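This report concerns only the one structure given below.
When the chains are written out, they are named A, B and C in that same order, and each has its own residue count from 1.
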Amino acid sequence: MKTKQLQDVPRTFALILETGDEIVTELRRFAEAQSLTGSSFKAIGALSDAKLAWFDWESKKYKVPADIQEQVEVLSLIGDIALKDGKPEVHAHMVVGKKDGSAHGGHLQTAHVRPTLARVDFDRITQRAAEAD
Amino acid sequence: MKTKQLQDVPRTFALILETGDEIVTELRRFAEAQSLTGSSFKAIGALSDAKLAWFDWESKKYKVPADIQEQVEVLSLIGDIALKDGKPEVHAHMVVGKKDGSAHGGHLQTAHVRPTLARVDFDRITQRAAEAD
Amino acid sequence: MKTKQLQDVPRTFALILETGDEIVTELRRFAEAQSLTGSSFKAIGALSDAKLAWFDWESKKYKVPADIQEQVEVLSLIGDIALKDGKPEVHAHMVVGKKDGSAHGGHLQTAHVRPTLARVDFDRITQRAAEAD
């Protein structure tokens, strides 16, 4: 186990995503725009579709058992932002609820919001100081 | 996507709900008593029953596929408080675990705690200054 | 309902658990090493196995319907640390996603990480002052 203590900036960004927004794209764009080097987030909402993956330990590859093409509730979205090759990367897992009340989930690959994902709380923020280009 | 930066009050209310408490009612009552205008929360616990809904995009109405009348674990409860018509409103999604280990969930309509919901962390708090009546 | 207001220390410990780590053991060890008297945490990751329990209200005992012996995604791990008989105790609930995308879960008894549980955000921290032995 590795541990790291953060002196939190007591600050949160509350995001609201709207119909048609692709979650990973929007969160990455936000993280880049704000020069985030790290953050955690959680959210709830609803979707028109989602690709949720499972990591196959044997092949060391992601498979997508949950390729969802129907309206679902986002029961939980938990994830974080970390730098990879100098750029903020989104890592998130999601649980969704279907029309029959059953729950499904996996590693978030892509998902489109409908009608909202609200609210996404971005906190535990570490940020790069503004730099000259 | 809309974003808003909150200057967090570094403060949390840790709530414990007990047998028979209805979650939405208690959280709304707490938000009103504390004059909350916004907050996020998360919790775990257990329930005797729950009505969990799914939003039907076609009819724009909530349906209740998960009308649960048995003891379940609350695997996650994530939600927020926001003002609607000047009053704090609770918006929350829940995942529950049944006797067979299967997970179910939806938009929280009502749920009764048994034996506890602990602990509910209310943070990211915005609050109205005390006003004269 | 009981409520308690915490003056948060604006501080988080971000933990990363690695292959083979047993989650409850590691979190308890961490809480003891840091003299935590209270904290909340959330995390995502993946596992090689997990025992997830359901509380039987009739017998007042935990049963283990989800004795999982396969690679799963940790879709959400939410829990807290509280003192019991003067020692920090871990209380956590977990949702996991299987190879077919289905979600399962319960009260966390034991679980082994593979390849990572990242990141575990320990916040809402209350801590005992360092004492002489």
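One rule holds in what follows: a residue touches a chain if its C-beta (ideal position, glycine included) is under 8 Å from a C-beta of that chain, and two chains touch if they have at least 3 such contacts.
For clarity, every value in this text was computed on a predicted model and none was experimentally measured.
Rounded to the nearest 5, the angle that brings the Cα atoms of chain A onto chain B is 120°.
Under half of the residue numbers at the interface between copies chain B and chain C are found on both sides, making the touching surfaces mostly different.
Centre to centre, using the average C-alpha position, chain B and chain C are separated by 21 Å. Annotation for chain A: residues 8, 10, 42, 76, 95, 102-103 touch two or more other chains.
Partner chain A is touched in their complex by these residues of chain C: 8, 10-18, 21, 26, 30, 42-44, 46, 48, 71-76, 95, 97-103, 114-115, 118-119, 121, 123.
Against chain C, in their complex, chain A makes its touches with residues 1-10, 38, 40, 42, 52-57, 63, 65-66, 76, 78-80, 82, 91-95, 102-107, 124.
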